[in-house]
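Next up: the structures, one after another.
Shared chain: subunit A. Partners: subunit B in the first complex, subunit C in the second.
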Partner chain A sequence: MKLFQRSEFYLVVLIALICIFITSQNPNFLTLQNLYGVLRSASVNGIFAVGVLFVLILGGTPDVSFPAIAQVTQYVAVLALIAIGGGNIALAFAIAIVLGAVMGALNGIIIQIFRVTTIVVTIATFNLYFGMLYVLSRGDVLFEVPRPFHDFGGTLLFAREGANGAVYGLSLLPVLWLAVMIVGWFILRRTMLGRSIFAMGGDEVSAVRIGVNTFAVRLFVFSFVGALAGIAGIAHASLVLSAIPNSIVGVELEVIAAVVLGGASLFGGKGTVTGTMLGVLLFAILRNGLVLLNISSYWYDVTIGIAIILGMSANAWQQLRARRNQVNVAVEGEAP
Partner chain B sequence: MQPFLQLDGISKSFAGVHALVDVDLTVNSGEILCLMGENGSGKSTLIKIVSGVQPQDSGTIRVEGQDVRDATTAEMIRHGIQVIYQDLSLMPNLTVAENIAMARTIREGRRLVRWGEMRQIAQEAMDRIGAKIDPDATVGDLPVGLQQMVAICRAFTSDLRLLILDEPTASLNRTEIEHLLALVREMKDRGIAIIFITHKIDEVIDVADRVTCLRDGRNVGSLTGEELTYDRIVELMTGREVVPVPFVARIDPTQAPVLSVRNLTKRHNFADVTFDLYPGEILGIAGLLGSGRTEIAKALFGFSPADSGEIRIGGKVQPIRNVREAVAAGIAYVPENRLTEGLFLQKAVGDNLVSNVIDDLTGRGVLIDEDRKAAMVAEWIGALSIKVADPSAPVRSLSGGNQQRVVIGKWLTRRPKVLILNGPTVGVDIAAKAYIYEIVHNLAHEGAGVILISDEAPEIVNNSNRILLVRGGRVQRELETRQTSAQELHRMVAAS
Partner chain C sequence: MKPGHKPFLQRLSADAPLLFILIAMVVLMALLLPGRFLASYNLVNLANQLPVLALLSIGMMVSMLSGGINLAIVAAANFTGIVTALTMDWLTGGAAATAGLPVILLSMAVGLAACMVIALLTGFLIAWLEIPPILATLGVMMLLDGLSIVMTRGYTLSGFPPFVVEIGNGSLFWAIPNAFVILVLVILALHFVLNRSPFGFKLYMLGANPRAAEYSNIDTRMVLMKQYALSFLLAALTGFIMMGQFNSVKANYAESYVLVTVLACFLGGINPFGGDGRLSGIVLAAVILQTISSGVNLLGVDPFFVTAMWGAIILIVIAVSHLTGRHSIQAMIRALGLGRDKAAARPETKE
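Coming up: the complex of A and B.
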């Protein structure tokens, strides 16, 4: 495919323009310290986004239950580590991944058996999981997370001292995000499982006819989304150093928007990890830019809305132009 | 010789309705069996049973003399039986290579994708049938003819013994059809058994070794060799002889044209299209797929409007910039693809029929006058003889011929001045065809102007009084139907 026909290309251009604008207003934007911060704050949504990408490629409607899964797994993992008086971060991840995968699998099973659209099922499980967390925790906030979360969230790569004496560096969260993206890319591009997800998104009946086990594929996708939500939950706890039962929910629309802006189709069968990453980065840069430009954070939602509309229009405009220039008939005697 | 596939006494019913009754059928290796039958005669059910999609209620299936019971699709594929479905069953978002190779890599239980190997499997399959398609092209971007080649190539990634083609030529142009038929003959020469399902009798005569016909779920007989003539086949299909009624225009020479088109041009679509259409006329438009015939129709209907030129309706200049203007001017269009463009498939037959006149059906206020709607629906179901027990049944539950009547009926409710029909009988059986022609003739006799676009030369010759030959986006010739035979027209179109 030609470069300028890809939505990734437009996203890169858009991100570059926004970066240029922000830098022109506040040169602090283009410092390593700030960019590390942008990556760190984008990581949780970035991990969610890879899961959402899988669901969108599979087809049907998006999953909205992932923040609730992250919320539950985060709370349970923190409680578990408190209970054993420490432990390590790997245990926290293991608990969150397994629990998340089970919760996600339930989505997949319900969707497969009852043939209900994803968004309806996941609205239901969102409320179920989130509600149960509130009932069981009675809304108690865990203000103090165990040591391993501090260690994981506080580790900095390429650490150096800034002008004001503060130490800055690359957090492990973007590294985790990158690892998740590589795994996601590998599954989608290099495994039959990944191609089966695309096949089902293209035409599920045809996929059945060529022998795709649709139940297994669907079960995998939703378990994978749940597991990623678990990872994101631990990443989030390491970032904010607390487990508050309602601190993650509410990000679902922003994450879905980022994935769609990144070129994934709401009708299934289309989407890339690269585009998804760019969509997430765009929103993170916007949020950061508003802070640097001293604009009220209330404007963030407005700019996100505008960014989505612009992104969609660019896509639609590009398709319209392609259609207009399409040669339907080689008309005799017409100048090319 | 032992037949490759032998069916004995196959029966199947759905909810008490007999789809197949005691059907016997054989096909030999290296034989082309054409399976015919009107819509709803049980062909699709038979294929589903042979390919392992559904089990039969009773009867036996033998593959090379061996009893096959309750086989799954995968098992039938292992027996070498493959189906090219009418919808092709491709993944439009994937590449050609993947579409061809994936079924095999899944069957072999692969876990990782090796793109080079995928391309190689695809290339080998394409080489086998002499197809030349870019393996990295996205299937959804290909023309239907090439998509079908992709589906056929996919069947060649396994040891193919019996290929079932379900109406493979319905959406192909003539060159593509000829290519396909040549390919089918070649497969036959290699000892592959073929079941070829089609409504087009000329194709059957062209390619079949034997014809077997289903009617109302029963095998009503077979024809071979010398018996394969047009009349015999029609008689076998319908149980009676169908004589086509040619259209005779009744035109009042003093009347002005209902539609005048002057120098209509759209870049990359058509150029300098000029013609008149008189009330009471059926004007045939003949040309290959890609000649501009559909594009002209779409411009007249405002679907993709022309860049320049003039359109007059009843002598008055009428710009057509969108569908709304075309509809308001009294133009109606029955599209090529009735399933995606012409019908709300999930909606009731009645709702579809009145969907174009819904504004006229509002009684007091904004609510629909249900009594008037019901009366109108009943009138049109009667007038078009649509076979439906209950007007509230969804359109998708109807047979192809009845669906097509609903599409045409939907436009007739508006009493159009100009009716454009694009391939109105594609996928419609002979009896239903005759009925659709009758409706269209009557509409012309009542004073409408009709434009008939079709692939089938006999259809145009029998149902028009004037023919425009379109090629390369331009009107090349205008013919009087009386002085043109179907063979001549066929030749002229094919030569373009």
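Coming up: the complex of A and C.
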């Protein structure tokens, strides 16, 4: 595919333009310290986004239950570590991944058995998980997260001292995000499973006829989304150092928008990890830019809304033109 | 065959499961709340609360008839209310509560016009740029929420003239709330627009098969534009009723209703891929949801338990309708030759 026909290309151009604009207004943007911060704050949404990408490629409508899964797994993992008085971060991840995978698998099973649109099922499980978390936890906020979360969130790579004496460096969260993206890319591009996911997204009936086990693939995708939501939940707890029952929910539409801006099709069968990463970065840079430009946070939603509309318009416009060109080629080809 | 021109028996049987659920819910609530649920004041209360949910659900349904969705519907209602309130405030120099009728009507016209500009923008994004509706309306929703917050600086604007409050809370005819009268009038109007007008016919056709609609010389873009205009018009109307009922406007009022309206459409048998869905279904679904929500409210249940219950109810409805419900009833109707169903002529859709 030609470079300028890919939505990634437009995203890179858009991000570059935004970066140039922000830097021209506030040179602090292009410092290592700030960029590390942008990556750190983008990590949680970035991990969610890889899961959303898988669901979108599988086809149908997007999953919206992942923030509720992250919320539940985060709360349970923090409670568990408090109960045993410490433990280590690997245990927290293990609990969150297993619990998240089970909760996600329930989505997949319901969708497969009852043949209902993903968004309807996941709205239901979102409400179920989130409501039950609040009822069972009575809305109690866990401000004292155990030591391992502080250690994991506070570890810095390439640490150095900034101009004002503060130590800054690359947090482990973007590293975790990168690892998740590599795993996602490997599954999608280098395994039979990945090909099956694309095949089901392209046309489920054809996928069945070439021998794809749709139940197994669907079960995997939704368990994977749940497991990633668990990982994101732990990452979030290490970032904000608390477990508040409603601190993650509400990001679902923004994450979905980022993935779709990154070129994933809402009709299934299309999407890349790179594009997804760019979509997440775009929103993180916009948010950071508003802070650096001293613009009131009231404007954040307006900016995101305009970014989605403009990004989608550019993408749609380019697709329409490509389609028109294709039609011309076909007509020329048929000429005697 | 024109939608809405189906044989009476088939129309009735299509709504039978919903009627059954409604009766079951009313009986259940009446048993759980003896003497309170069926008390006249509670019924008036129900009639007063129903219009907001029902109008938003109908607006959502209109957008779904072509296989779209309107996530911006609640944001548009709040936006309309806020623009109206700010215009009134500006015209009266800060004393909105004393505004006269001409000023009120002018402000409402400005609010409606603002909402229609947004509707045109949304329609343009979907019809001309062919952006998937879920994404276009998501962008518009965030834009509207943002504009609403910027305009109000996150505050609640309150204190409106009696006329505005009357729209949401008053009752001109005996004890029947005005909002309920408005809802009935809208349902009647929508019945003609959807089931009796050329636009309605084209809309259902576009939803059932976009390509066939295009080859039948239907201006599909114009239909899409009108469709989103209608959806946003219903949102604006809801915005006026909400202004009156709360006597205030705020950026994020009733935000959770977006998902509840999607649920109402699902319960009401609206096909999210378009082309299929009856007004009677969505109205019944809205009444059922309002009955449940008012009932559990009277029971004094933990609101978060209610959230969990919504989820459980959707899952139960999914399971029941799969095992016994709609599908088999429609299959039975087809077998008996009582009428031709759209779904029969269409190949199985994905999911």
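Just so we're on the same page, the second predicted complex is superposed on the first by the 323 of 336 C-alpha atoms of A that agree within 3 Å, B and C clash if a C-alpha of one lies under 4 Å from a C-alpha of the other, contacts with A are read in each partner's own complex, and residues count from 1 in each chain.
Criterion: a residue touches a chain if its C-beta (ideal position, glycine included) is under 8 Å from a C-beta of that chain, and two chains touch if they have at least 3 such contacts.
All values derive from a computational prediction rather than experimental measurement.
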Who does A:163 touch here: subunit B (first), subunit C (second), both, or neither?
neither
Touched partner set for A:83, first subunit B, second subunit C, both or neither:
neither
On the A-aligned overlay, A:301 touches which partner chain: subunit B = first, subunit C = second, or both, or neither? second
Partner touching more residues of subunit A, subunit B vs subunit C, is chain C
Q: Report for A:269: first if it touches subunit B alone, second if subunit C alone, otherwise both or neither.
A: first
Subunit A residues contacting subunit B in one complex and subunit C in the other 203, 205
Residue set of subunit A touching subunit B in the complex reads 189-196, 198-199, 201-203, 205-207, 209-212, 269-270, 325-334
Listed in rising order, subunit A residues that touch subunit C in their complex are 59-62, 110-111, 113-121, 123-132, 134-135, 139, 203-205, 253, 256-257, 260, 266-267, 296, 298-306, 308-309, 312-313, 316-317, 319-320
Per the touch rule above, subunit B residues touching subunit A in the complex are 73-74, 85, 88-94, 98, 102-103, 105-107, 110-113, 154, 267-271, 290-292, 295, 471-474
Residue positions on subunit C within touch of subunit A in the complex are 71, 125, 129-132, 134-136, 138-147, 149-150, 153-154, 259, 262-263, 266, 272, 302, 304-312, 314-315, 318-319, 322, 350-351
